[in-house]
Amino acid sequence: MTRFALSLASIGLTLLGVSVVVFAILRLVPGDPIAMMLPPGATDEVRANLERLYGLDKSIAQQYLIWLGDVVRLDFGTSTQFRLPVLEVILDRLPATLELVLLASLIAGLLAFTLSILAVWLQTPLATFVIDGLSGLAQAIPDFLWALIFILIVTLFLPNMPISGRFDPRTAQEFSTNFFLLESLVTLRFQAFAELMRYAILPATALALPLAAGITRVLKSSLEEAMAQDYVMLAQTKGKSRLTIVLGEALRNAMVPTIALTSVQLTFLIGGTVLIERQFSLPGIGSAAISAVLNRDLPLIQGIVMIFALIFILINLSSNGLYKLADPRLRKPR
Amino acid sequence: MSDVERFALSKETGTGSGLERSAESVSRLRLIFGGLVLGLLLIAALFAPQIALHDPTLDDLFLINMPPAWLNSDPGYYGIDNPWAYPLGTDSLGRDVASRLIHGARVAVIVGVSVACLAATFGVILGAVSGFYGGWIDAIIGRIVDVWLAFPPVLLSIILVALLGTTLTSVIIVVAVIDWTRFARVVRADVLQQRSRDYIDAARITGGSDFSILTREVLPNILPLLVTLFFFEIGIAIVVETILSFVSLSVSSGAVTWGDMIAEGRRVLNEAWWVMTFPVAALILTILALNATGDALRYYLDPVLRK
Amino acid sequence: MSLLEVDTLSIEVHGAPVLRNVSLTINAAEIGGVVGESGAGKSMLGKAILGVLPRDARITHGAIRLDGQDLLSLSARHRRKLQSRTTAFIPQDPLTALNPCRTIGAQLAEVLPPTPRAHRLAEVIRWLDAVRIPSAAKVAKSFPHELSGGMRQRALIAAAFASHPRLVIADEPTTALDATVQKDVLRLIRELQQDTGVGLMFVTHDLCVVAKICQSVTVMHGGRIIEQAPCDQIITAPRHAYTRALLAATPRHDETGRGLEPIPPALLEQLITEAGTGNG
């Protein structure tokens, strides 16, 4: 229980640090948010009014404390760009981002587990060479470039494949949430789901490839390490087939390093949504973040950065719990 | 950094184990490929004005979106005799793609190398300080690293560049400020490990300073990993520069960058695919070469990997 | 017909011979010792019999027969199926031979002959009791890292005998243990062997141990058999110089029961040349 409290305190401290840093960056560095909102030739009075409205007439420390007090009450201020509460903008757009991340993680996990289990099971030089080569390539090229490659290929060779947006606005579907993919699945609208997947598959794959490669590398070498252990030989004498041994004996033991790396790389993947959403014109919080930056929408930037930070920290925290689930040696002695 | 993370990090940057048998020959191939591409890149960067056939910023309204030479069936239409005067075609303002590519290599090399040097210096110093002095200094630096890792790096660099202004210098500083943690983590972990060994105590007793321990024990040990990270960092910096151009935060007007070319090419992709394709290809080739060189050098520098 | 017959077996790893013309028989209800120093090929022989040779090892000659059935002529799948019921293995290092991520009970349960689910736990506990593990019910739910080395080795012994095999191969089962634990474990293996009547191939460095429990002994060096004889004959009247050197290097039958002391290099040199010509 005390450990839980400690890690909660640690989250709080890190979030506080993030908020101070982002606040400091946004206020201390030149750049005038009010100027962006003013019509040309606005009077000083209009300007002063706006400054008061957004609290920019107070000192930075005061501004920070006011903002922090509001945040604690889940009030992130008002987006100067959308003229809506920041929380509303974020909640409206978060589902698109989460679905993208979820799909990308699924693709990455599926690719990585299939490939590394295949490589260790087959054990042939050719399979090893091909899988190592592919994962090396997928890891070296960042998601941003994979997206460009996909866009290029689609434009040149697959003109029917969509590369922009989440769905075709002409065949608008009725959805009661913004989790389109999940909702279409839950309500068993498979045709709508397939149509949505056509839009989601490219951005998700671009995001997934580097992660898939990272997981493959660690998982494969950890599996190889596990397969060289004595308990594997003992399992062989018990009549188990190689595939059974890979899945039943080695996989569990290979999980801890894999989880460690995956959690680090998953944060890269989530950070990557910022660009991928922009490249594929997806209405998530990532593309909102970029337009917020370009339009000097300070409250929205702050809110989005805090959400990202929270997600990152939660991932790191849950990976710690997952280690213990995977490896009994890391559990507390009973 | 926990053991698990250390392990993951070593795996993350390690060479694939499946190729161990032929590690020697693979490393040689990597070095040849990497050296070749990076050599070309350097030559392009150094002698861009001499090599390039045209002024990379010169518009020509008669030459808009001209395809690459081998696809150019009707050069007369564009009012030129020899399509090979514009080997990779022209962009939507009639500028020579090949010349822009060559000049873009300049910015790529400058950004990449400066960022990697800055980030490595920052990271090694902070990591070493953190590892040697421990206590509250370590706690503070560790907390800073935590906060840093809680930011999406791309978003942070976009924010910082947007606010600092889109100059070459600010791009370099921003990327270095964001990426120093990569080096700091490695150095700190190794300092801690080395410090726990007996011979470091012996060196201390005989009057070795922290600095001499750093240069004599720690750095040689992690040099292979640092070299690899250094090359990775060059690639990361070049990509981030491209990304900034892509979200219309391009390095100030005048300089030609691959990022500008890609951003522009993306807009005219349907009419002129070559404007985006060649800089993307150049970028991918550069990154692969940097990775290959980093991995190969690590193999040659690390006695453990070579056995 | 003997239980196990190894007939002029030769094995190469990457073209280098590691076993040359090794022949050996073990009868049911009998313990055959295999002694020799490190690298003699003892483990390789055991792995060959169990069918778990490393990938790069290749059998170049010979046959292995179990109850007259030639194992090498079987398909891999058929052989695996047959041997999972007839042969079992007690490994050297109890630290690495148990999967750290699975409970002792689970690893023991999977070797039991088909048992209804409801009886499995009882059967597991019965076996843990049989190898004298205290509070067996708790141990069955424990993970390997929660047990001492001796307990883990007992669990492995239980796993070897629980599949009701006809032949057990024990590869230096006491080397990794404390001297006091060694004696208990040795006694346990011997008792189980006598109770179940299995044939046991006992691999060791220690002639002293061999003298205590084995009926016949095979002395190996450099992948060859140097001498093969009933146990008392080897101890009282060794014919080969190498065996005599082994005996001389074995401390007198004292209570600590330590292993071999190294053979002086000069003698070793001479023995190797002798071994090259002595046995074909």
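Residue numbering begins at 1 within each chain, and the chains themselves are lettered A, B and C in the order written.
The rule is short, and it goes like this: a residue touches a chain if its C-beta (ideal position, glycine included) is under 8 Å from a C-beta of that chain, and two chains touch if they have at least 3 such contacts.
The shown structure was predicted, so the numbers you read here are calculated from the model rather than taken from an experiment.
> What chain lies farthest away from chain C once each centre is taken as the mean of the Cα atoms?
For chain C, the chain whose C-alpha mean is farthest off is B.
> Where the centre of all protein Cα atoms falls, which chain's Cα centre is nearest to that point?
A
> Could you work out how far the Cα centre of chain A sits from that of chain C, in whole Å?
So the centroids are 53 Å from each other.
> With centres defined as the mean C-alpha position, give me the chain B-chain C separation in Å.
Taking the average C-alpha coordinate of chain B and of chain C, the gap between them is 56 Å.
> Starting from the mean Cα coordinates of chain A and chain B, work out the distance between those two points in Å.
Taking the mean C-alpha position of each chain, the two centres sit 23 Å apart.
> Which positions in chain B touch two or more other chains at once?
none
> Can you check the complex and tell me which residues of chain A touch chain B?
Residue list for chain A touching chain B: 13-15, 17-18, 21-22, 25-26, 29-31, 119, 125, 128-129, 131-132, 135-137, 140-142, 144-145, 148-149, 151-152, 155-156, 214, 217-218, 220-222, 224, 256-257, 260-261, 264, 267, 270-272, 274-275, 278-279, 286, 289-290, 293-294, 296, 301, 304-305, 308-309, 312-313, 323.
> Flag every residue of chain C that touches chain A in the complex, lowest number first.
47, 50-52, 55, 77, 80-81, 83-85, 87-89, 91, 93, 96-102, 110-111, 143, 145-146, 156, 159, 163
> With touch defined as at the start, can you tell me which chain A residues reach chain C in the complex?
On the chain A side, the touching residues are 123, 229-231, 233-241, 249, 252-253, 326-329, 333-334.
> Give every residue of chain B touching chain A within the complex, in rising order.
Residues 4-5, 7-8, 11-12, 14, 16-19, 21, 143-144, 146-147, 149-156, 158-160, 162-165, 235-236, 239, 242-243, 246-249, 262, 266, 269-270, 273, 276-277, 280, 283-284, 287-288, 291.
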